[in-house]
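First chain written, first letter: the chains are A, B, C and D, and each begins at residue 1.
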Amino acid sequence: MTATICDTAAEAVDVVQDGATVLIGGFGMAGMPVALVDALIEQGASDLTVVSNNAGNGDTGLAALLAKGRVRKMVCSFPRQSDSWVFDGLYRAGRIELELVPQGNLAERMRAAGAGIGAFFSPTGVGTPLAEGKETREIDGRTYVLELPIRGDVALVGAHRADRQGNLVYRKTARNFGPVMATAARTTVVQVAELVEVGELDPEAVVTPSIYVDRVVAV
Amino acid sequence: MSLSKHEMAALVARDIPRGAYVNLGIGQPTLVADHLPAGSGVVLHTENGMLDMGPAPADGEADPDLTNAGKQPVTELPGSSYFHSADSFAMMRGGHLDVCVLGAFQVSAGGDIANWHTGAPDAIPAVGGAMDLAIGARSVFVMMTLFAKDGTPKLVGECSYPLTGVGCVDRVYTDVATFDLGPDGVVVRETHGLSYDELADRLDVPLLRGVASGTGR
Amino acid sequence: MTATICDTAAEAVDVVQDGATVLIGGFGMAGMPVALVDALIEQGASDLTVVSNNAGNGDTGLAALLAKGRVRKMVCSFPRQSDSWVFDGLYRAGRIELELVPQGNLAERMRAAGAGIGAFFSPTGVGTPLAEGKETREIDGRTYVLELPIRGDVALVGAHRADRQGNLVYRKTARNFGPVMATAARTTVVQVAELVEVGELDPEAVVTPSIYVDRVVAV
Amino acid sequence: MSLSKHEMAALVARDIPRGAYVNLGIGQPTLVADHLPAGSGVVLHTENGMLDMGPAPADGEADPDLTNAGKQPVTELPGSSYFHSADSFAMMRGGHLDVCVLGAFQVSAGGDIANWHTGAPDAIPAVGGAMDLAIGARSVFVMMTLFAKDGTPKLVGECSYPLTGVGCVDRVYTDVATFDLGPDGVVVRETHGLSYDELADRLDVPLLRGVASGTGR
């Protein structure tokens, strides 16, 4: 169904339920949907599984959500950063679960969820601790590990511009995980810097077609 | 009286929710587009890589780079987007289309569909995107005549033609009746020019009486 | 390595060897690299396996290549068309092999080749003759069939515009298989309507980054 | 005399072919960019989704939407393109990068690399794109000091740290020697401030004498 334009970030994130898996876009702060994450903190859903490349920066956004104790499990590729003290503290205290996934498998597992692929054989991580316990198979002389899709109940995505139908364009390297997560969640919620009329985006340059977008809020 | 192709297409169009993302298969299903009400907000997908496909162009304005899955010229609408084939089929396979409408040689009571190959020894097989559409869309509607030219039913216990997809059809629109295929069996939604008993008599599949619905959902 | 700009289509396709697997873009005639296919006919390589969505239209392009007897095997989703008489005749005479692949599996198998995926489980074709003899597996309550990558020795792609580094944009639905095939072949050869200077394409709207492009010819 | 980080980076840069597509890992490998000759045509990839990444911006011109994999501000060059994370890692995993340059804790004689986790019990593990880079690029170069601060060699028979990738490293640039890891074993390409015999004496892996190469390939 075509996208709903929301007036506020609060309205946009009211769909998140306790225990949900939430995909949160961004690579560090580039593409991080800060307004949606702030609204999610306000909204109060807890016991969340959060899938995001990093595990929060500083004390705002995802880090603030973690600090409130709302997240049961992080699925990410790179939690440890110079300013990831919130996650670091929770992890060392045993108060958060971590599933560490190589960045390419993280992206591809969400792509698989969005693309209806049941599982795929990846060469990444073979022979390392991150493939331990997973099925492997030799194909054409190379060893691969079987990886399963990662689906979200909700995706929170930061994009640059949306039209009122929900078509999206991103800006520079802030694109990163947004387009993939938009395909992988039951409900995709997008914050944009600018909302434009239908027909104002170049059809050749749309990155996320509106079919993947459920809610849009301009912030 | 049995329905014309256009009357069938109008019935299908009536049942497509507002704002739905829809793929109309090659042939008869493309007629559905002509019956979508203005302002329905329905967005048409074509598997060769476009959303928000518009109608055929005016005479002399065909663009060879802008076609539908049947390779006929179409147009762009405000809100259109283009994407490559892997992205287009990811969209279909990933369950993002609300509805697809397909033609068929046969549909089974269990929702199997056969629409790509007659199995004739000299036929050249061609499948295109039919298998992806059959298993990918959230709701799969079939449009077909209920009986073949020789009078044999096309809604059957088991398909005799090679399958396109297994257990995937939700509803079948025919010239003489519309059927819902559900966990309880084949439900007759409405009939056109035939009574329920006449229908039950001519089909080899058990039927259930459904509530006639002329108002959409 | 960055792309080579070729003066002629003949020079661009000289890399095709007898017995090669050649991926040919296009959906019907939209996106079909006609000049490259014509040059390939002239060049003379034979015993080819051709992967293309259709099996030629009328008497030109791919149909002409087939008519010359250069193609041992077609891998495609939809050979039978109103004007596919060349393929139809060869097939009925038993003079060409056909591997019929559902269109989505065709695209995804080439995407897998380009993306380094060893194999993937697809729901498409399960329970049909096109999955016969293939491994199946139930994952999360749904049955999938294992599909393997399709790699090309050479891809022939028709795009709209290239810059001199090899970045590509396409035009409308002529995009179709081009971007996927460009990733899946050892050597990707592209014909474009227009060659522009580096920097003239919008970086946000590049569809095929230059890393996938080996040779470009403007026709 | 042993090489400085910049001298090592210059050696690596010398060996990168003209027009190559290259990913420079976080940390020391990013220095290589400073030593690529003007007009080398080398195109830098950053795994967060960009090709033809330019150098750091002038003071005050950082764009928060334009960073490298280390989350440092970078710039756009003519010829740049952007793509999403699944496309970016497809590019890496699919073998399209000509060269990647990685830092490492340890490299084994057989080409295994350990660079993501010390295995210390209180360390927070973080892998990022390291495993994809290690197995994806056509040539994998490592830049590291040959000895840890406590003097133990980092080129070893078998890695004791958790692995990043198996049998994937082609060449190791260190402050005191450059090594090729090939099917015949570890070949010493050149030494800096140490003789071959001194080197052989301090390492626990069998070495082969190679031809010194100061001219690139």
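Definition applied: a contact is a pair of C-beta atoms (placed from the backbone, for glycine too) under 8 Å apart; a residue touches a chain by one contact, two chains touch by 3 or more.
Keep in mind that what you see is a predicted model, and the values were worked out from it rather than measured.
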Subject >> Third chains touching both chain D and chain A >> reply: C
**OP:** Using the touch rule from the top, work out which pair, C-D or B-C, shares more C-beta pairs.
**Re:** B-C
Subject >> Whole-Å gap separating chain A and chain B, where each centre is the average of the chain's CA atoms >> reply: 34
**OP:** Report, in whole Å, the distance between the mean C-alpha point of chain B and the mean C-alpha point of chain C.
**Re:** 29
Original post:
Between chain A and chain C, what is the gap in Å from one C-alpha centre to the other?
Top reply: 32
Original post:
Mind pulling the chain B residues that touch 2 or more other chains?
Top reply: 76, 82-83, 89-90, 92-93, 136
**OP:** Note the residues in chain C that touch 2 or more other chains, in rising order.
**Re:** 108, 111, 115-117, 122-123, 170-172, 203-204, 207
Subject >> Contacting residues of chain A [partner chain D, same complex] >> reply: 27-31, 53, 77-81, 84, 87-88, 91-92, 98, 100-108, 110-111, 122-130, 160, 170-180, 207
Original post:
Which residues of chain A touch chain C in the complex?
Top reply: 108, 112, 115-123, 137, 139-140, 142, 144, 148, 169-172, 202-205, 207
**OP:** Mind listing the chain D positions that touch chain A in their complex?
**Re:** 46-50, 63-67, 71, 76, 82-86, 88-90, 92-93, 112, 117, 122-132, 135-136, 162-166
Subject >> Sites on chain D touched by chain C in the complex >> reply: 17-21, 41, 43, 45, 51-52, 76, 78-83, 89-98, 136
**OP:** Using the touch definition up top, name the residues of chain A that touch chain B in the complex.
**Re:** 1-2, 111, 113-117, 163, 165, 167, 183, 197-199, 201, 203-204, 206, 209-212
